[in-house]
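First the structure, then my questions, so here it is.
Per-chain residue numbering starts at 1, and chain names A, B, C and D are given in the order in which the chains are listed.
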Amino acid sequence: MLPREVEYAKPASVAEALTILAGSDGARALAGGQTLINVMKARAASPDVLVDLNGLDDLKGIELGADGTLTIGAMATYTDVVGSAEARARPILGEVCSQIADVQVRNRGTIGGNVCSNDPTNHLPPLMAAIGARFTIASQSGERTVAASEFFLGVYLTAAGPGELLTKITIPAGKHDGFAAVTLGADGTCIANAAASLNGSLRVALGCVDAVPIVVQPSSSDEASVREAVRGVGLAPPADVHASSEYRAHLAEVLAVRAARQAAERI
Amino acid sequence: MGAVASSQTVTVTVNGVEYEREVEARKLLIHFVRDDLDLTGSHIGCDTGNCGACSLIVNGQLLKSCMLLAVQADGATIETVEGLAEDGELAALQQSFSDHHALQCGYCTPGMLMSATALLRANPSPSDDEIKKALQGNICRCTGYWNIFEAVKAASA
Amino acid sequence: MNVEGERTFAAPRATVWKVLNDPASMAKTMPGVESFDVHDDKRWTANVKIPLGLGGLKMKINMEKTDERELEHAAMHIKGQGVGAMMNMETKFDLSDADGGGTAMKWAAEVKLAGPVASMGQRVLQPIVNQQVQHVLGALDQQVQEALAGGAA
Amino acid sequence: MSETTIAPSPVEIKAPERKWAGQSVPRKEDKRLTQGEGVFVDDVKRHGMGYVHFVRSPYAHAHITSIDVSKAEEISGVYGTMTGEEVAALTDPFFQLSTPPGAHLKDYALAVGKVRYLGEPVVAVVAETRELARDASELVEVEYEPLAAVVDARKAQDEGAAVLHEDSGTNLMWEGVYEWGDLDAAFAEADKIVKIEELHFHRFNSTPLECDGALVEFNPGTGQWTIHTNNQFPGFAQIMMGPAMRTGLDKLRFVTQDIGGGFGNKITSHPQLVVCCLLARKLKRPVQWTEWRTDFHLSMSHGNERWFRDTEVAVKNDGTLLGFRTKALDDAGAWLRYEPLGGVIWAQVTPGVYKWRHIRLDFTQVATNKAPCSPNRGYSRMQHLWFTERVIDIVAHELGLDPIEVRKRNYIKAEDMPYETPNGCVYDSGDYAAMLDLATDLIGWDTIEARREDAAARGKLLGAGIGSTLDSGTNNFGQSRMINPELQFSGNNEVATVKLDIFGEIVVTLGTTPQGQGHETTASQVVADILGCSVDDVHVRAGHDSYWNSHAGFSGTYASQFAVTGLGAVKGATDMLAEQIKRLGSVILGGVPEDALELAEGTVRIKDNPEAALPFMACGAIINANNAGLPEDLDVTLNCRYVYRPPFQVPDLERKFGNLTLTYAAQIHAAVVEIDPETGHYEVVDYAAVDDCGVRIHPQIVEGQVMGATAQALGAAMHESFEYDEDGNLLTPNFYDYHVPHALDMPPLQTGSIESASPFTPLGTKGMGEGGGAGIHAVCAAVQDALRGHGDAIVHDSWNPYQRVWEMLEHPERTRELVQVVDA
């Protein structure tokens, strides 16, 4: 409950935030804090400077483009997405966000925080990987946009490195998505999860089985192809108290099939 | 430019009363409310943000105050369990908790009441599932929740 | 947990062996190394700040070579002590000539973590350990290349 | 039932007309608790207090080679530290309940020379703020020399296994053989012998939402410590702490108001309390200790993990159970803090709810490098009752019999009550068959097959199971002598004081430490009925304070006994007060004989002439402030202290025979589960709980206990386990990985009850609240039922997370190999 000493700043603009982030390699952006503050409480990791992004309203917007492209500000909360009329253009987003943790956490936790922490048990990394989201990263030297495959680098590690900030996530149009998970109890920690998108070709992303979401592209959404595709990547998931490597790999396969089926049924 | 500092003056309005304190940046809001403001009704039941005993309504939003720094609440309007009753008269929800034996040790009750209060404000007549979902972030080890569902249901319109 | 693998270096065995036995080069392979002291040719210490994304994990790492066979085999005991984290690592390297030139290195490590960090859960720690190992191997490769260049000069 | 123990003689229940008792009156506690006005231990503050932070062992087993606190003590704002060496110099090891080898343990409040489990307190640091105390603790330099860890109790006694306690020289802590009846005859009479190689009851506890804590003040002038704490058994803490601290028990004042759940887990905080006491004296300031969730999971009061090995059950073809043999191996963790009492407590319910008369159990308890075990709701009986229920369902499964029929055939019958068990316990009352009928009606047992087909159509496997269990309450502490004949404990007691004050207030003081059981409310109901007043006229002091002198050696709130011991004391004290009021009344009302008087409407009055009445206020005023001229021989104080003492004898230690608890509440639960065969994921989809705890003073509170215990059982059966890796790292140190039930996890629940009054207690009540084990038994049975015809796996573990269920479907043979049926 008792974090180490830390410095705190609440910048008034993204530019200011980037300046402070660039100022110290121990500086970390503080989004919803629903992961970072817990890790600080455990003193498992201790930033030197927290740059509080709450209050940067230009990072909160949710916009729907004419072509159906959805742009979600990194600081939009799960609750914002669940309640957003624009976000309904990609229904799976609200559906998955409403499954994350609990009311309190959904009120505070952010889309950007979820993908940037990239805890293997998080819901959004596999979802974003499946639906082909693109991530816009700002730094003092400008802006760049990367795909999920380049964004997720490892546990708690993403392309948004020191001195950088994830500002928004861009999601192409599409409705034929699915998500499946096995959690501890009705709404506890994910043991394994999978997201699928069948807009054009099928993409299935598996969560909880590696440091980053594992994407497979089955030739079709029928069970056999999906299972074959998942077996094809030769998963070697980490084992923990809830699942052996073998069981987790098995769950990944079953959940991939279910997510793909859900996506297919929505056509 | 937002100054970078390891402590700052924080001003909050809690249950209608304004407080101003100098606070270390690392201090969690729940510690600030309990230790600095002496409002000990809100509790701490875990150290990972799971249990919800520290739930408060901050600027109208239900939050877990163990995952928020006190400095982040600067300028906020905060509601705690101490503010629910009016002149010693239990609020309908508090009375309903008592009527339905929705509390035993009473340790989770303040957080539970804040979650239920937030629910009924947003949704005065929730379904059974909506009640369960509204309470999913609050752990109770005494009651098994059944009587809590009944209490919230009875207090809803 | 156990991690192991094989890696080929585009360098002769002698060069790779030299790097593996040079405290200065080895220290540079540590993730987030901030400083190091060499006590003797068998023992050295490094202060590192392992980048964990959410913030660095400071550790004092003591390394001791526990076994070696010239140009073939080296074993090390690595003990890391940080606030809220303890690491014990037994690691060994076996070198051989790679077919198609260069040096093949088989390596294996048994890593034990203790303390609050361990409470983050295996599903988080195992990938993190793998990341760090990859980092070390990458850095090792770089050291080998530098040694080659140095040798050439 | 040949030879009989000395059974308690039935009490003639002189219960007054029950006006208040039996009603679910509003709880007195709720007004403060719903407003955040309760006072829990962490709410108590003192000027200048220092915050304690414990430096804990990062290793499960290691020598401590050096400790350096200098860097920590240099920081400004740090008040001081305490190490194991200091503790060893200032205190004696805690008194051990065990005979050798366990007796040889040297257990101090902080680790001395060695650490034996991950999270064990090694150094205490005290500072001006909580944050600073933790900062400073990071500067304490402790060098360790790691040792191999003993994690699996089955390997603790292996050749070459690391030994935790050099003083005992072995990991064996205590062992004893229990045998009653004639095993050879039973197995000779049997048609079949069912052999079960291994059953495992896992390690978990009730994780009260409030963790442990204390604020300790030392008064150098009087030499007394005031310990504000949430310890739930001050009587026990005092006798552990006093001798260790070389001080009189009266120097240890225990104060408690509200406690955020206990469930037995808050009995053994005495080591941390000792450290706080030493620090308060050393630093000359109050010190405050708050245990955080992770600390609690790592170090506090895990429930006993137990293996049942080489079990053999003698059974007739018709399912009649004759007897069993088994070897219980109990994992006590690193220290014996309340253990090895678990080595006998189970014997309170030796035959479970069944009639078998021939039983042998070899009990062995070993130490492992895991957190010390201490009482947890259902303490030691839950493990044994789970075992008996597993046996019933395995026998039924293997002999192709209906589990319901097997239960009914073997249940102890209502007409046999009071029933003397093979080891001399006397089950006071009950009708298990009637309870089972009620439970199966509530769950709609006759619809199960139809629901099974419906589930199958949805690709799910549905199963239903029964859990029968006993909640034995009011310990006869004489059973501790079966562990160690030298111990000088027996019987039990509890205290209450009831007074009529100067302005007529009725004030009740309890010796107990309630954690949500509503003692203030139920005590007022008993008092109001006797004094003929309203519950609103009765003021029950909140909490416990040993300064009040209203406590005794066994005071506290634990082991299902308040409705007997606590309310027995309240009734006794109130009867005394009522008698005194009448004696005073007869004098003031002109010598009317006392039996012509009655207490009603807050007065003592003449039955035939209610007009002639003396208000309680007048009685209080006369005795307390206006007593000139009262007859010299009028011995009335209107301040009555009563010690309730249950009718117990010291058990026969030779035969391990005697009545170990006074009351036996019963619970019969029924669960329905649905399994997703592809993943092993499953849910409890329907549930019924039937309770019989005799006369219920407050039915709503009783039902609340049933519900809460049920929820804990569901969590324990499916998700909750303190799992360790081979190095002794705890893998479930927080609520992320130790998943306790959430609101969305709760199945539909129906409760039912019957009331079989106890003939042995003052109010016909039975202690209750620990019966939740039934839920674990029922879920295990339901899972096994759901797997019938899908590999027919046998459930061998009390903890069945999704992966285990999946494995039972994938490899049922691995579970079947452990069971064998042979012709006798």
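Quick note on the criterion: a residue touches a chain if its C-beta (ideal position, glycine included) is under 8 Å from a C-beta of that chain, and two chains touch if they have at least 3 such contacts.
The structure displayed is predicted, hence computed values, not measured ones.
Which two chains touch most often is answered by the contact tally, and the pair is B-D. Taking the CA centroid of subunit D as reference, the farthest chain centroid is that of C.
With centres taken as mean Cα positions, subunit B sits 28 Å from subunit A.
Note: centroid distance subunit C to subunit D, computed from Cα atoms, is 51 Å. Computed from the mean C-alpha positions, the centre of subunit B lies at a distance of 30 Å from the centre of subunit D. Chain centres here are Cα means. That of subunit B falls 48 Å from that of subunit C. Residue numbers of subunit A whose C-beta contacts span two or more other chains: 1-5, 40, 42-43, 186-187, 240-241. Within subunit D, contacts with two or more other chains are made by residues 130-131, 138, 292, 294, 731, 734, 736-737, 741-742, 744.
Shared interface positions of subunit B, i.e. residues touching 2 or more other chains, are given as 24, 26, 31, 44, 47-48, 133, 136, 138.
Touching subunit D in their complex are the following residues of subunit A: 1-5, 42-43, 182, 184-189, 191, 240-244, 247, 250-251, 254.
Of all residues in subunit D, those touching subunit C in their complex are 58-59, 118, 138, 146, 294, 727, 729-731, 733-734, 736-737.
Residue ranges of subunit D in contact with subunit B, taken from their complex: 24, 26-27, 29-40, 42-43, 45, 130-131, 206-211, 258-263, 292-294, 515-518, 700-701, 703-705, 707-708, 710-712, 734-736, 740-744, 746, 749.
Residues 24, 26-27, 31, 34-35, 38-48, 50-51, 53, 80-82, 84-85, 90, 94-95, 97-99, 101, 103-110, 113, 131-133, 135-136, 138-149 of subunit B are the ones that touch subunit D when the two sit in their complex. Those residues of subunit A whose C-beta lies close enough to touch subunit C in the complex are 26, 28, 35-36, 39-40, 42-48, 117-121, 154-158, 208, 210-211, 238-241.
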